[in-house]
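Two complexes come next, and they have one chain in common, subunit A, joined by subunit B in the first and subunit C in the second.
Moving on to the complex of A and B:
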């Protein structure tokens, strides 16, 4: 069933359009930076952008930071929100379930296909960032003899940078799985993919809004978007693990609870679509 | 093949299906009749395990539903409330996905089976055209093709001729009867009396959630003990049949007579020209109207 879901995902033009859009934004930023040489001052603008002008190899991480706050969650929410509700709206859900595909298997297959999309999207953004960063912004090539400056000011070896970039990719992917789980849960409740997608986004926007509010400070450690940008801490020297660890734990709890709820709802639901 | 006991579904306050005991036997072409909103589709969905009953049980091919669905549903072809397919894909790609979602079994024969069913339903020439460019009737044919893919023992079809033109309805009817001849049992839900009358061997009638009739079609269409006579001289016939004519409608007379042959002999013997004489049978429509409660469907 997983293979079937991946085939469905791959055969939808929307999937490829979304991936293209995701890569377009960081590429545009890279082009603008290369042409104007006007980087944001350190501490302002998206993370790492101040550093990439001097070293293009960091642009893959910068690209992740560019798409993470809005673009990536929107893309993931669209794909995951469509997963069950889209089949319900098209009327194909009843034929899948009487084929038969067990409801739990369908849910797992949908989840896995969304995960694959998340990973492909994140890796592609990082990869595109790396390539355009090197081509347009230049900087030292990643060989053993050169070094990259960490966020903390000390130098990192290329091996360290590569490892930490991989960790960052994993961390961002996990954060997006939280979004996917929320959208998937809503997708089992409604027959309208649009509602599921927008519901998941409302959840994230609400979380981001509360984070800016002093009165909600007590809630902050439990809000899903609280630690999203903590992957930057992976590029400090030494790595500042505290927030990364909390972020991983928080996302895992969210994913477990949301997926559990999705399974409980979907497996006992009357399919009237 | 399908057996339900006290099957009931309540949606909040509304009692959609009220304790029905269906019995579909092997080899039947079972017509499941009912007005729109009488609970047909909800019953079909419960039989297939899509909707969970409030109370009562369903047995499908000898297995309790929905628990045994994974064992028996592969042997059942379904068409529920209109066909559905992925609009951006071709008929062939849709059938491919449909079949593959049932698991790796039958992979080697998939191509041939797709060719076969596309031929059977008359969609062989659609090639790479995406389904979103199909007419309603073509989509319905594709849905039927998907139901036939696994060469099922039982076909559960909800309004299969929806959206088809008269020619298409006839083709599908012939296809279904051919499948039945080859051993498939067919459970067909419809609101069209004529469709059921033309195809089915057994009939169940649903009226506002209750099963009010379940019998062989032949039993339901029993003789009424009356004959219908067409004659160009109705006045003469009236004189001969003195008092036995129940209804006169121009040259058409409805006569109380158990034996049409004797009636014919009597009329001809007295010099009344008989153009047509048939023993009257009850129509399915009469049966349905008799057994259904009058008033608007709730």
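Moving on to the complex of A and C:
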């Protein structure tokens, strides 16, 4: 069943269009940076954009920082929100469940399909960022003067950069699994994929809005978007694990609770379409 | 399994996950028998205690001055995240981190390195040119540094014990110091410190009549192991821009190059010893007053900002503004349109009295 869902995901033009759009934004930014050599002013713009002007190695991480606040969650919410509700809207969910397959297995298959999309999307953005960064912003061989500088001002070896980039990819992917879990849960409640997608996005926008309010400071550690950008801490020297650890734990709790709720609802839901 | 049971399992699991951090907070705190005077003495002598950790400070002061004073607004009006490695008073590192990068300070025997990621710049100030008077910096908000500064001349008679608390996973003893000076706008400061070493881990400053602190800073992670020398040392990365000389600091520049001469006493507060420049710092502990002779252009900018601040008032040819427990006073024009800017945690009347005792402000050498 998992293989069926993966094939279905791969055959949909929407999947590839979404991935293409995700790659387009950081690529556009890289082209603009390469042409103008104008980085953001201090304190403004996504992380690492100033640094990549002198060395494109970190553009893979900069690309993640560019798509993480909006584009990536939208893409994940669209795919995850469609997983169950899309079948219901198309009238195929009832037929899917007439097969001798437990609902929980179908839910797991849908979940795995969404997880694969999340992972592919994050790796593709980082990979495209790396290639585009090297080609457009810093193709020169690694020397003392082109070495990657950590956020703390020390020099990072190529091995350190590679390991930390892999950790960042894993961290961002986990953050997006939290979005996927929310959209999947809503997808089990409605027959409209759009409602599930918008519901998940409303949840995230609400979280981001609350993070800007001093009055909601007490809630901040529990908001799903609180630690999203903490992957930047992986590029400090030494690594600042505090927020990364909290981000991982928070996402795991959200994923467990939301997927648990999705299972509880979908396993005993009346399927009418 | 029925629908009800499935939802019960999910609800119970969710409740357990949410309750876990709350349960940890409710664990009983160890009791310390240390007296207030004993704790105060240990805090005052804690400069040699080695530690590392992560601290956060938050301030509620929205200062009406911008431009060259933006850094103060960020420090006292916003949240600041700090990483600290402390080996000795002349060997430490403090990183002010944010989502866009970080600004670091590394102190060693021969001077200070500062690092700014966003401008990719490392700056070196040698010990003999480290300014005596300067604007507040992020490292001033490290709980231990701030507590020692505030309690440096504290009278043990005014100190009382507060209930113990667990902070950053450590049992700490609390101390409250009430301000005895009628000129001060600060009511009291609360400090929690490790009873064994006196290392302060939390500081809260309260203005008169305030129920919330105007400034609070806490170590949220703390390791009492000695940091390695490599963690405080700094060698600029090969691709970094390196410059030598002082950081841009308007107060340090005025102090060094100004022609004004503040008196030895203002409003009954004594000027700090060793300070002989154009900027006068008066008082001690939490009762502080600073007199800065502003050059004409900056004085005009600050005058416009203070005059436009709601609640500002014209007093004796100058402008007076209060922001929480902090009062500011800009004097009338002195020599070549220079003006005195007085700021401090003292009453507006004290500032006005101090302004009357100052000689006319003068410009730069």
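Just so we're on the same page, the second predicted complex is superposed on the first by the 264 of 273 C-alpha atoms of A that agree within 3 Å, B and C clash if a C-alpha of one lies under 4 Å from a C-alpha of the other, contacts with A are read in each partner's own complex, and residues count from 1 in each chain.
As a working rule, a residue touches a chain if its C-beta (ideal position, glycine included) is under 8 Å from a C-beta of that chain, and two chains touch if they have at least 3 such contacts.
In this text the structure is predicted, and so the values were computed from the model without any measurement.
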Would you check which partner chain A:1 touches, where first means subunit B only, second means subunit C only, and both and neither mean what they say?
first
Name the contact category of A:90: first (subunit B only), second (subunit C only), both, or neither.
first
Mind working out whether A:256 is in touch with subunit B, subunit C, both or neither, as first, second, both or neither?
second
Quick one: name whichever of subunit B and subunit C touches more residues of subunit A.
C
Between subunit B and subunit C, whom does A:11 touch in the aligned arrangement: first, second, both, or neither?
first
Per the contact definition in the header, classify A:267: touching subunit B only (first), subunit C only (second), both, or neither.
second
Once chain A of both complexes is superposed, is A:101 in touch with subunit B (first), subunit C (second), both, or neither?
first
Taking the superposition as given, does A:159 touch the first partner, subunit B, the second, subunit C, both, or neither?
neither
If you stack the two complexes on chain A, which partner ends up touching A:232: first (subunit B), second (subunit C), both, or neither?
second
By the touch definition above, which subunit A residues appear in both interfaces, subunit B in one complex and subunit C in the other?
268
Which subunit B residues qualify as touching subunit A in the complex?
45, 48-52, 69-70, 73-74, 76, 78, 80-89, 93, 97-98, 100-103, 146
Can you tell me which positions in subunit A touch subunit B when the two form their complex?
1, 3-4, 7-8, 11-13, 90-92, 94-102, 268, 270-272
Which bits of subunit A are touching subunit C when the two form their complex?
42-45, 47, 50-51, 54-55, 143-147, 149-155, 217, 229, 232-233, 236, 238, 240, 242, 253, 256-257, 260-261, 263-264, 267-268
Footprint of subunit A on subunit C - complex, ascending
1-3, 6-7, 9-10, 13-14, 17, 54, 58, 83, 95, 97-102, 104, 115-120, 122, 220-221, 231, 234-240
